[in-house]
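Two complexes come next, and they have one chain in common, subunit A, joined by subunit B in the first and subunit C in the second.
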Partner chain A sequence: MKINVQIPKGEQFRSFYMFFIIASMQLGVGLIGIPRIVFMEAGHDAWISILIAYLYIALLLFVMLYILRQYENADILGVQADLFGSFISKVLGTVYILYFIFYILSTLVTYIEIIMVFVLPDSNAFVLGCMLLIIAIYTVFGGLKAVVGVTFLFFMFSTWLFVLLIQPIRQMDFLNFLPVMDKEIIDILRGTIAASYTFTGFEILFFIYPFVANKEKIGKPVFLGLSYFTFVALLATNIAIGFLSPAQLERRIWAVLNLFKIQTSPIIERLDYVVIAEWMMVAMPKVILLMWCISYIAKRIYNLSRETSVYTSASILLILIPFFNEHFIIQRLIDNVSRVSYGIVYIYPFLLLPLVLLKKKTRKK
Partner chain B sequence: MRTAKLIPLFILIVFLQACLETTQIEKLAIINSRGVDLIDEGGKRMIETTLIPYIFDPRAPDMTSLLTGKGRTIKQARVEAEKQSPYPLVPGKINIEFYGKEAAESGILPFLNTHVRDAPVSDIMQLAVTNQTAREILEIEQQSVELNRTKYLQDLISKEVEKGTLPRITLQFFTRLVQQVGIDPILPVIDVVNGKPTLTGAAVFQEDKYVGNISVKESFMANLLRQRLRGTPIDVGVPRENYLGEIDYKGKLTENEDSIYLSLMLHTGKGKIKIVDADSLAFKADITMKLDLLETSIPMNIKSEDTSRKFERDIEKYFVREYENLFAKLQEVNSDALGLGRKYITSRKGSKTTNKEWMEKYQDAKMEFDIDVTIVNFGAID
Partner chain C sequence: MRPVKKRANQADLPLSMDEFENKLETEVLNSQDLSFTVYKQENKQVAVFYIPYLVDSTKIEQQVLNNLLDMQTECTADSILSEIPLSSGEQVSSIRTIRNKLTEGYVGLYVEQENQVIMYELGKTEKRALEKAETESVVVGPLIAFTESLESNLNIINWRMNTPDLAMEKVEVGKRNPKETRIIYLKSVANETDVNTMRQRLSDLEIDMVEDIHIIKQYILDSSTSIFAQFVSSELVDRSMYAIKSGKIIVMVEDSPFALIAPSTLFSFFESTEDRYFHWTLSMFVRFLRFLAAFVTLLLTPMYVVATTYHYELVPSQLLVSLGESRSVVPFPPLIEVFLIELVIELLREAGARLPTKVGQTIGIVGGVVVGTAAVQAGISSNILIILVTMSALASYATPSYVMGNTIRFVRFPLFFLAGFYGIIGLMFGICLLVIHLVRLESLGRPYLAPLYPLRLADFNKAFYRLPEQTKYKRFLSYRPKDKQLFNKERAAKRRDIDE
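The block that comes next holds the complex of A and B.
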């Protein structure tokens, strides 16, 4: 396996789009649940937990970029091949594929569950999954440029959802935030860990990096993407804490949707239905980008054609979706995916860093 | 070639849509108002719901009808009521829900549970209490009201909420306050007066139990401590002997009255509760009101700024008295509708004060009211 990859000019894109890629990868169905998940651990100091998560991930992104910059134009698979040899790199690449498949699965089944609870209780998970996956398959067949384009457009088309938060913001009770630092520092850190599933997604940097045309400018959009998501997560969490009482927040599984339930307009009384439909644009870029990643890794390590890998992974997903039809099974899936992500996403780059430095030193000698 | 490959996907996505359920609005009965009562049937406590659904079917002679059903749970009672309806009853647009006296006094959280769990139910549904049974109110509404029948009760209340005389009474807000330690909710009371459903006052709760009645004015005063208000009509009485020089009219009608009654409009008003001393549970409320004078019960000539100041001081005295009465009343029924507990709890770091602990302390709480009134406008004459 080659360490550095040659990307034709036509397939490269400007670093500016990294902002949308990073932000869209982090946005998703996880955002709907984040206020409650963090609140359960950190209480009304949840915002501190989220800020800590932000700092940690900023450091992590810095390390990831540092590792990638040691090579001319490599992705994580190339770095691993350089460090551990071709075979281990293939094994690790397969781990990534499996992780991404389950990551997509957790995203899809959560979104389908929300649709079934809120809008269409009699619908079929398989049918909904099929419809969502067709969008993903179609986009991935268009190539990376189409994937990035869709990410950009979906991002733009879903930002108006902020406007619908005005009513809950006006009804916030700021006493809910007092007293500050009510919980122990350990609880706040536990809140940070609880937020990690929602924050994942930036690991795509490891795979998409070779495709960026002007790599020297990649830092800014990547960090801004992360900052944007952190801002959204903070906004959602703080509005939920101010708008809902602690007892309410502890029991609402999808607290962010509860915020939208209060907003009405003269034409549409129940805007939460619109929000759930619109949330597809928030959730799908993640699925599409991950699907692209799977096809990319499969091509790199097994030399599989895009058709084969996309259809295979989509079929696996479609077969699995109907099995995840109970709330607690879905929760267990999410828990397991986030547990794996602690290792793959949050710790692994730090383990990689000393090895990369060591390699660099020996190479110089 | 590539397009040919994608054609099956396109066909699939079009046809898959048929797999999703569809419901035709003409074939539904959409519940609009609901009443909940507790009844005794053979020694067992049962829930009785009275429903008013909309029917969109153009062949139906009437837009609304009245259905009742009994059951152990709200949903069961609805299914029971559905037996009288040719169309399925859907709860997605319940605008208002009533609780009969008995149901409200026993605690309404169990009835709300279903709404919170059932995601399609609207969070902005309004809640109200009646001193009769909910069934009576809805039956009388169906008979007596002709104008805008489907929204009559809803509008009756929501205009008061807009004016600020009632606090927010949505399902969302009620469940928020019920479960919040240190503040208790207020809901409107609608009773039948002269054969028509009428807003008669407000119900104060202790957690989810209806414990006492306050007037609409008192509900405004409680609301003022919760949020910034404007445009609320206010009536105040000031002692007559203070204004003998300014009275502009002599007549039999007003000769023997002790008070002059003023009609005012709240320009802007806000209130804030502060803790003076957490250990001795001393609280203080700072309330500022900017008012417009609209009417005096005896025509008056407000000649100078002094008169205006005199009015302001008397209005302040009036409200201090009213607030003290309200606070005493609330303490008596053990309801913290003003939200003193919230202030107390947020000032105690690391303590997990439960509602029960606060309610014991609440009895010993003392409250002072500091009211600052300014009359901004007197209309076109002085």
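The block that comes next holds the complex of A and C.
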């Protein structure tokens, strides 16, 4: 397996779009549930947990970029091939594919569950899954240009949703935040760990890096993307804590949707229906980008065509989706995916760093 | 080897007058059309022959016959060439070439026993006068439209844009009946890759015959499966001039009054030439109105299906009362109700376009008013739906491009079927697919959604809003024109200061 990859100029994109890629990868259905998850551990100090998560991930992104910059134009598969050899790199690539498939699965089933609970109780999970996967497949077949374009446009077309949070902001009770640092440090750190599932997604940097045209400027958009998401997560959590009482918040799984519920307009009364439908544009870029990642890894390590890998993974997902029809099963899936993500996303780059440095030193000699 | 081919190499001439006439009549397809007259000029016989409906007979009389009969010297091919004051004299010696030239509108002169025939082009082609545009109506600005004659179209373009920079490349398209096609652009502005792509696509064409530019358009599209038009076609001269100026390419073909403008974006279908002539605030308002209209056309009736089939909660309670009242008598599910009424509107539109103008209006009024009212009274449709359908039909005609208006109206059908199928989620699914489709589209290899994606904020001033003309000192940068500037911003500002 080659360490560095040659990307034709037509497939490259400007680093400016990395902002939307990183932000869209982190936004998604996880955002809807984050206030309660963090609140359960860290109480009304949840915002501190989120800030800690932000700092940790910023450091992590720095490390990831540092690793990638040691090579000419490599992705993580190339780095692994350089460090561990071709075979282990293939094994690790397969682990990534499996992780991404379950990551997509957890996103899809959560969104489908929200649709079935709030909007269409009689709908069929299989049909909904079909619809969402058609969107992903149609985009991925358009190539990376289309994937980035759709990510960007969906981001643009769904950002207006945050305007709808004005009404709950006006009804916030700021006394809910006092006293600050009420909880133990260990509880706040637990909150950080609880938030980690929502924060994942930035690992796409490892795969999409070779496709960026002006790599020297990639740092800024990547960190701004992370900051944007952190800002949104802070906003959602803090409004939920201020707007809902602690007892209410503990019993609301999708607290963010409750915030949208009180907003009305003269033409449309229940805006939360529109919000859930519109959330398709928030949730889908993640699925699309991960699907592209799967096809990219499969092409790189098994030389599979895009059609084969995308159709195969889509059919696996379609078969699995109807089985995740109850909340606690879905919750277990999410727990397991996030447990895996601790290793793959949050710790692995730190293990990789000394090896890369060592390799660099031996190469110099 | 066929004998026919061999004969072409042999010398056909000289011949005696009778032999020549016989030979010509067997070669010319409609020999009864051939006018063949023999004149005696100083003991030599001169034949003048032509196909009457292809040539200008007054010109023959004035230019050829008068001079021929007045000739003082001996009549030979050379003397005729020097005596007749026409510049286009050609000497031809093969009967086949003579035949071809005759059908192109040439007049032939043959002096007995000579081995050359002299031919003059005195053809006439029927063409209509310049008129104002019918399909794209404008209120302000030049109204002149292209005609079916490529010659007069090129004439207009040259007259409107008289610069040595203007390139008018010639390409022949069509196998059986090759037609002259022109690629027109500004050499120092248009992107070379685009010109090459267009030239390549046109010269690669395998077509039997081209009736209109829209035939070519369908052959050179980037994606023939997409319902969205990828090139603007316009009969307004003004619009084509603006396109050329901004670095685009236009293609014109003989016998078609339309110019093809390439590359085009989705947003160029919402531009009207008037936008540049109005005050910028006005044109900005109108531009937003058009985008809003497209949005309304696309979403109004699907939202009705969504609200009445699945989610009554979406409708505010006061409105819900009147909606429920008017829908209570309707026996059909909303999807069928909407489908019926939409179908009626489409029928009215199609009938209105096909019928003669005088009848068309009557049918429109009868159909629109009578059917609409009767449908509500008979309880086939709710009156709110009639309002919504009429509004969205009206909005679809606000799009300056007729083709794009039709496309938007067509796209609505799958959208409300999806809405009827899975409510607001189905509708959103449709919208997502639409966005993805548009992202994937290209026009002449350039992104269709430019400048939205790839993002280029400088071009927003042209594509979405319109600030005063002074701020538009750059061309449309998404197409990477060779010359980026329209005028120098600093110098323009300085000039203005001095004046004040």
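Note that in this section the second predicted complex is superposed on the first by the 365 of 365 C-alpha atoms of A that agree within 3 Å, B and C clash if a C-alpha of one lies under 4 Å from a C-alpha of the other, contacts with A are read in each partner's own complex, and residues count from 1 in each chain.
The criterion applied here is as follows: a residue touches a chain if its C-beta (ideal position, glycine included) is under 8 Å from a C-beta of that chain, and two chains touch if they have at least 3 such contacts.
Note that the structure is predicted; figures quoted are calculated from it, not measured.
In the superposed model, A:153 lies in contact with subunit C only, and not with subunit B.
In the superposition on chain A, A:244 makes contact with subunit B only, while subunit C stays out of contact range. Looking at the shared chain after the overlay, A:127 reaches both subunit B and subunit C.
After overlaying the two complexes on the shared chain, residue contacts for A:179 are found with subunit B alone; subunit C is out of touch.
Contact with neither subunit B nor subunit C is seen for A:7 once the two complexes are overlaid on the shared chain. In the superposed model, A:118 makes contact with subunit B only, not with subunit C. Contacts of A:138 after superposition on the shared chain: both subunit B and subunit C are touched.
When the shared chain is aligned, no partner comes close enough to touch A:58: not subunit B, not subunit C. Of the two partner chains placed by superposition, subunit B and subunit C are both touched by A:270.
Residue overlap on subunit A between its contacts with subunit B in one complex and with subunit C in the other: 119-120, 123, 127, 131, 134-135, 138, 264, 269-270.
Contacts from subunit A toward subunit B in the complex involve residues 117-120, 122-124, 127, 130-131, 134-135, 137-138, 141, 171, 175, 178-179, 181-182, 243-248, 251, 257-258, 261-262, 264, 269-270. Considering their complex, residues 2, 5-6, 9, 12-13, 16-17, 19-21, 92-93, 116, 119-120, 122-124, 168, 170, 172-173, 175-177, 179-180, 342-343, 346-350 of subunit B touch subunit A. Residues 310-311, 313-317, 422-429, 432-433, 435-437, 439-440, 447, 449, 452-455 of subunit C are the ones touching subunit A in the complex. Those residues of subunit A lying in contact with subunit C across their complex are 14, 16, 115, 119-120, 123, 127-128, 131-132, 134-135, 138-139, 142, 146, 149-150, 152-154, 156-157, 264, 266-270, 273-274, 276-278, 280-281, 284.
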